[in-house]
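Before I ask anything, let me first share the structure, which is written out below as structure tokens.
The chains carry the letters A, B, C and D, assigned in the order they are written, with residues numbered from 1 in each.
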Amino acid sequence: MYAIRMENITKRFGNVVANDNVSFAAAPGEIHCLLGENGAGKSTLMRILFGLYRQDSGSIYINDNPVTISGPRDAISLGIGMVHQHFMLAEQLTVTENIVAGCEPRKNGLLDYEKARQDILEVSERYGLRVDPDAKVEDISVGQQQRVEIIKALMRGAEVLILDEPTAVLTPPEVSELFTVMRALSESGTTIIFITHKLKETMEISHSVTVLRDGKKVGTVSTEDATPESLVEMMVGRSLPVHDDCRMPPREAIALELKDISVSGRKGSRARLDNVNLDVRFGEILGIAGVDGNGQLELEEVVCGLRRPSKGRIIMSGQDLTGLDTRRIRDKGVAYIPSDRLRRGMVGSLSLSRNSVLGMHHHSYFSQRGVLLEDIIEKHAEEIIKKYDVRAESVHQPMGSLSGGNQQKMVVGRELTRPHSVVIACQPTRGLDVGAAYYIREQILDSRNKGKAVLLISAELDEILELSDRIAIIYEGQVVDVRPTGQFTERELGLLMTGERNGV
Amino acid sequence: MDLERGVSKFAYSVVAVVLALLVGAVLIWASGYDVKEAYSNLFTGAFGGVYSLATTIVMSTPLLFTGLSVAFAFQCGLFNVGAEGQLYVGALTSAVVALALGWLPPVLRVGIALLAGAGAGALLGFVPGYLKAKLGAHEVITTIMLNYVATFLTTFLVKTYFKDPGPVDQTVLLPMGSRLPELIRGTRVSLGIVLGIVAVALLNHVMRRSVLGYEIQVVGQNPHAAEYGGVNVSARTVQAMMISGAVAGLAGSVEVMGTLYRFIPYFSPGYGFTGIAVAVIAGQNLWAVIPAAILFGALQSGGQTMQLFAGIPMELMTMVQGLVILFVAAPTLGRLLFGLKMRVREGGGRK
Amino acid sequence: MSEFIDVVFNINNVTATIRMAVPIALAAMGGAFSERSGVVNIGLEGMMLTGAFCGVFGCQITGNPWLGVLFAIIGGGLVGAIHAVLTVGLKADHVVTGVGINILSSGTTTWLMQVIWKRKGTSDLVRGLGTWSVPGLRDVPILGTILGTHSPLVYICFLLIILGWVLMFKTPLGLRIRMTGEHPEAADTVGINVNAIRYFCVILSGSLAGLGGAYLSLAQLNWFSKDMSAGRGYMALAACIFGGWNPLKGLGASFLFSFTDAIQMRMQTSKMRIATELVQMIPYVLTILILAGAVVRSRPPQALGEHYESGHVSK
Amino acid sequence: MTRIRKPLALLSVALVAVIVMGVASLGVAAAKPRIAIVFATGGLGDKSFNDSAYEGMKRAEKELGIEFDKVEPQAVAEYENLLMRFAQTRKYDLIISIGFDQADALQVVSERFPDQKFAIVDTAVDAPNVASYVYKEAERGFVVGAIAGLMTTRTGDPRIVSDKQIVGVIGGMDIPLIRANVAGYIAGAKYVNPNVEVKYAYVGHWADPAKCKEMANAMLDEGVDVLWLAAGRSGLGGIKAAEERNRYAIGADSDQGYLAPNNILTNGMKLVDNTVYMAVEAVLKDEFKPGINMLGINEGALGYSKNLVPDDISAEVDKLAAKVASGELKVPEDIDQVEPWLKAQGK
């Protein structure tokens, strides 16, 4: 008997086939990994199971009974719970409110807040999911938010729990804590479907693995019978070349230097950045490793002039840039790949050509006497498209109509074609498929090899390890350690990222 | 590209107008009037003969400016409900300046008076722009409140400082040399309509070709990206609101200098609000403001004739205008009704 | 100066404030519900006007002012339903739709007046709601003057606002509403029907604004007058924002606006002769100043003005 | 620019269709004398000014056998066009403008159509084809003011609640015409009763009765016994306030006694209906006389209605009205002139 069985599921979005005749099954109490690259169709499949999408064809069985799931409400009542990659939590509401919304305990028609609290504390006790029921969601850490999400599912009687890339935002200790919880749940009979693209985690936690690639199912194997290598082959279907490592020794000259940079938080809360000192040399990649939300965003914004430091100085090639606005700082030669592409890096409704000059449209090359030089801008966009392998129909196409990978190539292309000596690359491959990510990493290395100074901020530890010459670890707004890459072990990094200074 | 989209949107707007008129016909019929008589009056009143056409143009002229004002603000993601107030301050300023500069040659006098009107409108546009950019106060509410302030303030100023000695609170009549020249003799079709078209062309050029227009667009579509691109978001927001205010101010100037020849408190029948309807119909395409304004001018002038000779209350036209806005606001409605294929602009709410 | 003090600190100002605040507070609560669910509602003005009209019409055909009130609630609710269908169902821009609703309501009510009463401007007189005197309370000094005798709708309004506050912050439905406005996807994924919640809230907001309109046409007056809402719907929206999308605080904001209006009136009748228009400007200037100050502190619901479609969860 | 051609083409096709349709369906001649009337922006339903003019037209329709077309503009900007539209048809024997703010428009249109007869009520237009009818507004203010001033001393009346002798007037908007009324009112009240205090205020809106009601309440709170509402549609709210609190209200323009039979003390009558009727009659009898007709108590165009006015007061006021009519008393038209005028009268 299977707790859950999906047969021959097909789902199309326009011309794109997201799931192509995929079948999938998980036994009660099983931890089943759904493995695949970004865009392989894992999330789509699970969203169908949770009722967020309707499959075009195929059928779903719960405990061998055929079911129709036309919305999350159906899914919940069938005992399916899902923890989404982007948490479904209203930041302004409390933990309790977020958990009970939709299945509120009542007393005399009113919301029984006290009972809700008690229920939450009980569940949190039973599975070791520590949360403060009265805190506002915006005030708690990402790890805690995830626990809130899990409690939310459990309180609705979830017997099948879908976790969509749950470890992406967690610190190593938080990950192992999560795994403990998952094992406890599994032992108590809950089926867990674990979406991930990380092999190590798959090997560590799952009972069996189903691999998807390009919307199709590659196969299901028992974890015991799998090796990381066999899984990679199933996942990628090809092997990517290793980046040419033609590291040149960095030059002595310091390109970018941060001195005692602090950013104060909202009234009363702790500083977002606290006395950060960093320097990046020409021809060097300095990687900033850390768990998301430890000051990376503030660091990126301070360096690029989007936010004023409350204290400290930013010096580039000997020039003090502190307090200058974004335009001035970037005109000094900063290429900036922002961490939030959609929010910061582009204007979806405007054309590729317009987007190709964002941030340099005022340069005399692209505009004169306040008038944009249309032809030159279009040519510029065409060059980026050609040089950076952007798949686009025309430069007049709205940027929003491109896929995420192509958008990012466009952004990277735009930034790397502007005159620059410093590159600020923030989460440059987030959400991209392996091919695009590989390509963009190549470009970053290429920049470094041309003698540019690169500040790489990434939450992907693998990426940091692969690209950086030196690594700085940021934790709660402080740089806790900086060393050449070779001098860290992965374990050390993991511990430092979680503030365990003494463990090293 | 988006022009094409603009055209399909405008074509749909025409459908929306027809649809609204159909609903209007049902209402006329249901209320016991003669639909044929009503609509034939509506149409002859708008387009039947030189005078009717001239009237349509006269009525379209202020709407061309207010519509352009609102449409321009839309492009920067701003909703300027304050065109009415900006129109009043523009009108009074132009009247006062045109009167005060009697010693200047007419061309200069008129030019300066127009600029002053635009300036006053811009000044009133500055307030909500600044409050939005610096304090996040929603421009819809602040502009509505400023409409009241502007009407009260202009009335006060006229009564206290610029009053015609006669029995009515108004300024004195502008001398010939302070007026906009008449284009068609015997009508009030003035240079204003030409200025309006020039303004459309100018702003369209600014939006499509200039750095300022580009930056304003980026701010309107995605302020975070604008910040990233080194655009001064606050400054562009304020500037866009000021430009919008200036254009609405010109609506008042042109009305005073080309049609009324003096400032009279409460002279506007809601040009600023009808301008919203014009802008909604025009959508993202500034050129489309011209036919949209003429359309509403025609509804007004034809509506008057309908009222005069068929006894149909003017409110019918108000209802038709409201319906047009609703139909245009919900393009999916058109899809439902006509199976019209058109791309819907994503993300509705402006914040 | 002493005259100014006389003008401001006059107990009758408080009584007048209560009378004038009721329609604004009711519509502001409507705005709070609509916006808490994520739908911007600038159409309150039109909904209030329609309510005022339906109230008188209902009273005329039934002869019972309370049935008139019922008509007003239904009429306002219907206009709310139009707003809901367009914004929630058809994903029309919220603000543009609201503007359209206001224009349409003004035209429709005046048109219907001419159809029903054969004239525009003023309807026939109908039976109004009269006033209630609360025994006991009316004899208490000061408090009796302020609260003792009012239209029954004043007391009902206070009751409704308390109930509205309870509904919004103490009931499961209220939690679902707030969740919907803050994070519709989150609401959807826990099985809350986002569209149903929004329909409910927008229609409720129309009914509340309509009730506010009935207060104008059946409690303060007993006839319908063309465009009689006279901008109160816009003031209500400002009160809603200033009140942080909270019915009780919205009532407070309505009190403040009405109080300045009361002072404005009394200033005119006092011996202080300031230019009429300058005095009349006070409430609006104050609103601008308050909004400029208040918005910084209060945060609107996060998904306000955004459309949501189930199954199109952002990737 | 080629991209906008399509909608333009669409529009022009519509235009042509429309013009053809319209032209085909216009033009029927009328045998009866035909009059056109352009109302003031307040519109019908004000239960005073415009409505009164409308009554006059309806009476003329019945008694003089005319037909008429009417139009209710929404703003000043529309007047000229509407007058022009009427004049262009050349089928009206008379076109009547109601309201002071039509003067500019009528000036232009009357020049353009020298053969068309026009009449304007409430202001003067100097043209050879326009008959102007202007009211001496202050005169009616004076008589109702006098009634109010005398009435406020009748403390035996349950509707006179305070012994402070305060009367009030609420105007619709702070404009010269209303100010003249207010000036007359103050002058009248103080002329008959030097102890009286007169409060006055303006709603700022012709059509917000709810607001006017609150203004009236504010006045009544301060002990106003008799309140005149010269505020168009807004004024109805003030009358309601007086009725609810059982005080005296004075109506405006036409007899509003039916609105509150126990509380409408009198009405400041402005018999626009008579004026309109008169203007129509003159044309029909071929006695159309261009120029300014000053209308006041003497001409029977202004006055007051008896309603609840006690006989003795009525008698006294009649005597005053006679003095005004004969020109013996010249009522001040400006609020600032009231005090000097009173002094000059030895009061």
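We adopt the following convention: a residue touches a chain if its C-beta (ideal position, glycine included) is under 8 Å from a C-beta of that chain, and two chains touch if they have at least 3 such contacts.
Please read these numbers as outputs of a predicted model, since none were measured by experiment.
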| item | value |
| --- | --- |
| Longest centre-to-centre distance from chain B, chain (CA-based) | A |
| Whole-Å separation of chain centres (CA-atom averages), chain A against chain B | 46 |
| CA centroid of chain C to CA centroid of chain D, Å | 34 |
| Distance between the centres, which are taken as Cα means, of chain D and chain A, whole angstrom | 73 |
| Whole-Å separation of chain centres (CA-atom averages), chain B against chain C | 28 |
| In chain C, residues with contacts to at least two other chains | 120, 276-277, 280 |
| Residues within chain B bordering two or more other chains | 152, 159, 313 |
| Chain A, residues touching no fewer than two other chains | none |
| Chains grouped in pairs wherever the two touch, ordered by label | A-B, A-C, B-C, B-D, C-D |
| Residues of chain B touching chain A in the complex | 1-2, 209-212, 214-215, 217-218, 221-222, 224-232, 345-346 |
| Of chain D, residues touching chain B in the complex | 1, 3-4, 6-8, 10-11, 14-15, 18-19, 21-26, 36, 41, 69, 71-78, 80-82, 84-86, 88, 100-101, 103-104, 112, 123, 174-177, 204 |
| Interfacial residue positions of chain B with respect to chain C in the complex | 27, 31, 79, 81, 127, 131, 135-138, 140-142, 144-146, 148-149, 152-153, 155-156, 159-160, 273, 276-277, 280, 313, 315-326, 328-333, 336, 344, 347-351 |
| Residues of chain B defined as touching chain D within the complex | 3-4, 6-7, 10-11, 14, 36-37, 39-48, 51, 55, 58-59, 152, 159, 167-169, 173, 186, 188, 255, 259-262, 264, 266-270, 285, 287-288, 291, 295, 301, 304-305, 307-309, 311, 313-314 |
| Residues of chain C that touch chain B when the two form their complex | 40, 42, 82, 86-87, 90-97, 99-108, 110-111, 114-115, 120, 231, 234, 237-238, 241, 275-278, 280-281, 284-285, 287-288, 291-293, 295-296, 300, 304-307 |
